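Presented below is the structure to which this report refers.
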């Protein structure tokens, strides 16, 4: 059950209203939108007489039952789009610009699957910046199916990302593999929760306590509803800065690495107020599909894109087959900019 | 193994070349493109010395081994796009226009899931025509999971489609359920093979003997390669007019009816020369997803679109929940026309 | 809605009761069990007052609402197991024995994927008979993914099966691919509907008009409920002799050809009165899994087994990799006989 | 590449042999079987001349290339079954008995999904012990899709399990959710890695450093090969006591919670030397399927069973619908004991 409060209600009154419900044994979620504030009750609301509560609480405008299991992430509770702003850095060229998700924008995150060396990450960062990417991605801690595969440069990898950020001004996105690593990520701009960790609930709770954007990837076999429930884990701990990411699901089709589910983008945006981006590199696993799928991702209404770019895909230590080289990325960005203009979206 | 023949070779010489191979026990596929002719061998070509054959056959330009199981539908054998032209009909307003698939065009097929009445099909046909649809779809014979569900108007349904075509000039697309019905479909413009029949190999062979375009839908659990093999069944009987149709696959996700696999569009066009269209109505099963997915379908590079439109979706005898009403369709078409113009594609 | 009639009601009264309902616009299914007869209504039964009807119809014992979409195949309508008896043939050795499915029996169907030659089918038939198989399977018409693969010996294949039956006395099971072939199958003992045809509804209706057992295989991506609905198609035309067959579903796992779903056996038997058998050869695609899975199939409560046996699997024209050789089959049967004895089931 | 050493080689010589390879840049896995010791090389072994190495190293009996990505868990490297022995506890009645996996035994793990109270866990423990279960399972830390669902009694839950163990003598199995919890699990007999954590590689490495049996459950969308790779993570850190557990995979079928893949049991035992058990409670999600599937699990050759038992399933805080009550469990165990006797397996 959610109560939408009247405009202009004072904080003191809101606190009192919330307290009443907590005294009655409910947990509450407070959702502050640009136009109105909502109070959502967590617990068994079946016995509550909704109409009575609306009528007898002066600060309440109206109320609704929330049939979804997810509450804080639901559009029913919070109607406006959540907007996530990543503070910009001053680059070598002296310019600074914030990156915004969810406000009619389409920022592109690019970079290699793994950070491999200083030279590599800086070269890639420079080239994607030039092409128009707004954030740099790079794996420092790598979840690999085989214990004998390259596991990432770890702390050193993060250091190299910070260097690349210093030079290019691009905020950075990197994947955390477990909660004990979180202190190392204090200076990372967006913390990525990978597909395999989408239901690592303890990790979700920990990043929920941070004041930092989280990029939450859909698990390989997780439903749209489960993705929203995992976002709810984060938000129920207080962190509202969540970017959802569709990255392909596991199906019987073997020609692609995964089956990219673009319907999920539309549904996630209908059901939730969170921004939704898509990763066609993992979503398909095939380089030649990345550009056409990126065009579809923009057209379907996603709030951004995440693409793997490597300076020398043939020699990549991981996922080379799905990485674009800088030239291919430049070409893709040129195409997307024209299309985004038509969509009235800023890349 | 495929031999690409030199330009300008005489038919007599081609026939002789083909005969040589058939005498050696091979079946052959002759693929006549706009620029060159190719002869593909079916059988165990492993022992053949490719270089020797190219050198000793004067009419051969070059040769390649075809590693795919599908031959006639493969781009390796036939490099140019197959273009399918459906002859136009003169409508009430006196105009006639052919419909073309595969030549930088994006024709839209629209209409109800089932033909339900004369009034319904004519009203829908008029309205979709006005909005810019190029073909009318409508099920006369309906494959339904339950024997107690509406099974279609059958022959009468086809007659009503012919009436609607006479009025609007829109060529018609309708699904055949088994080969004994084929005589009834003589006057249908495009024969649809439904998802459940994608591996009804005897039916494929029968439509392979026709001189009529076939719309072949991907099965619910069929791989991209199996779809191409089914097209090969049709083409190996002589019918080269095949339009492939992605319409969603069955996965664990339950929020959508199926998972629409847009990567398949790109892969099908890479691997084959046949036009590829997409059906987002069955592909998602949800009305509100049809428009955004249609935008993605155009952007990803498909050669056309098939959409369910019903004059009164709430009362449809089948699939109402995924049908657009005429107004929604008009709005979608307006949007698609602008986008197609940007893609330099004719709707 | 189903009415269970009192014991001993006369046919004349049943007919009258049925007619009343048909006059009220319902279709009816008459289900005659060993202990009681049931009349199931097809149509919109929501407005019917169940209690009133039971009270005012003297011949009715009690009534129930049938919530499942399938009616005739449902245990709610027909509580007793359906028993299917295939009349035995006199073999060379002068003995005759009927084969029974569904009465605490576990008959084993064995034979090659395809009938390849007289020598092959007779040799296999003799050896499986010796090992204890009760029916001979063999494909005469073969649905193959590739048009260039061996398509079966067709009519000649059926003739060879008849020869093998004459010699061994084993009734035969063979797959029909489309309804125009049905006249050729008049003398086949059990007509198999393959996985790809599970939703070929016109074919289902045609075999529904026969008086002959049908072996209905689950489709690769068909749910348990859809399998029951397909059985309902057959039964709604009057043919009650249906054997359901689980044969593996398509999943993301690539190490096996399909994922054999043994839970389906239990659920099918809970929800329906029809016998259920399993095919571990197609269900796994791997020879070394056939014996252990067969043990599980017996233990889980299936009503029979279908196994591929080839006299020389390495040279089989189809599916050699999943076929047992006669010795392996003999060993498996020895093991199963001991286990069946413990289960009190007759093989 | 793996070298099987001659019988009776001295440790000193083995160490020297291993050192030679590590000096050449390889990692090694030492696998000590009952009959022979094997040394497996990790790294690029392609350039090594296998025959030359076998001939020139006196302590080597023979060598093989290991084509699988997994090495330490592979039967190619370690031919004998791994046997895992859990030391028994003295129960109230003064008896002690070890539990053994992998030696022709079929121990049954039973207990509630979640530990809910002292009364509950002790009552369940007593009753399952009486029925013949050999280990007690119970979740203290519960991974739940919703943050608002019961998350387990945590440390208190573990304490209650220890109490129940003290009374009944049953060793306990409980799930760890992340590596920071491991100190709490020091006294747990078998540490369970849940399906959602199968690819939590950091957690795998941490339990790999323990000297304690690990029960590794297959992920919902993980292939058989990926399960083996995850076991390899554990074993590559030194812990060889791993029990694999099939618990159902996610498919399109919605009638069951998951699709239990019994073929996986056979394949895992063919490819690996580790014991394999099955959890039909999560694998099906339906109480009435647990007993028939358990019979199949025994018959297919699994090394044990894990079943959810609750003293009052209707009131369970989690997974009540798939839990047996103590009476149903007793009945199942009675049946399994008879069947195990026939299989010559000790329950």
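Going in written order, the chains are labelled A, B, C and D, and every chain counts its residues from 1.
In this text, a contact is a pair of C-beta atoms (placed from the backbone, for glycine too) under 8 Å apart; a residue touches a chain by one contact, two chains touch by 3 or more.
From a predicted model like this one, the values you see are computed outputs, not experimental measurements.
In this entry, C-D is the pair from B-C, B-D or C-D that repeats the interface of A-B, since more than half of their contact pairs coincide by residue number.
Should one ask which of A-C and C-D has more C-beta pairs in contact, the pair is C-D. Of all chains, the one whose Cα centroid sits at the greatest distance from that of chain C is A. Taking each chain's centre as the average of its CA atoms, chain A and chain C sit 50 Å apart. Per-chain CA centroids place chain C at a distance of 38 Å from chain D.
The multi-chain contact residues of chain B, meaning those touching 2 or more other chains, are 221, 250-252, 254.
Interchain contacts join each chain to each other chain, per the touch definition above.
Chain contact summary for the complex, chain B toward chain A: residues 221, 223-225, 249, 251-256, 259-267, 270, 283-284, 286, 288-289, 292-293, 295-301, 338-339, 342. Residues 221, 250-252, 254 of chain C touch chain A in their complex. By the touch criterion stated above, chain C contacts chain B in their complex at residues 27, 42-43, 69-71, 143-148, 177-180, 196-197, 199-203, 205, 219-221, 226, 229, 232-233, 236, 250.
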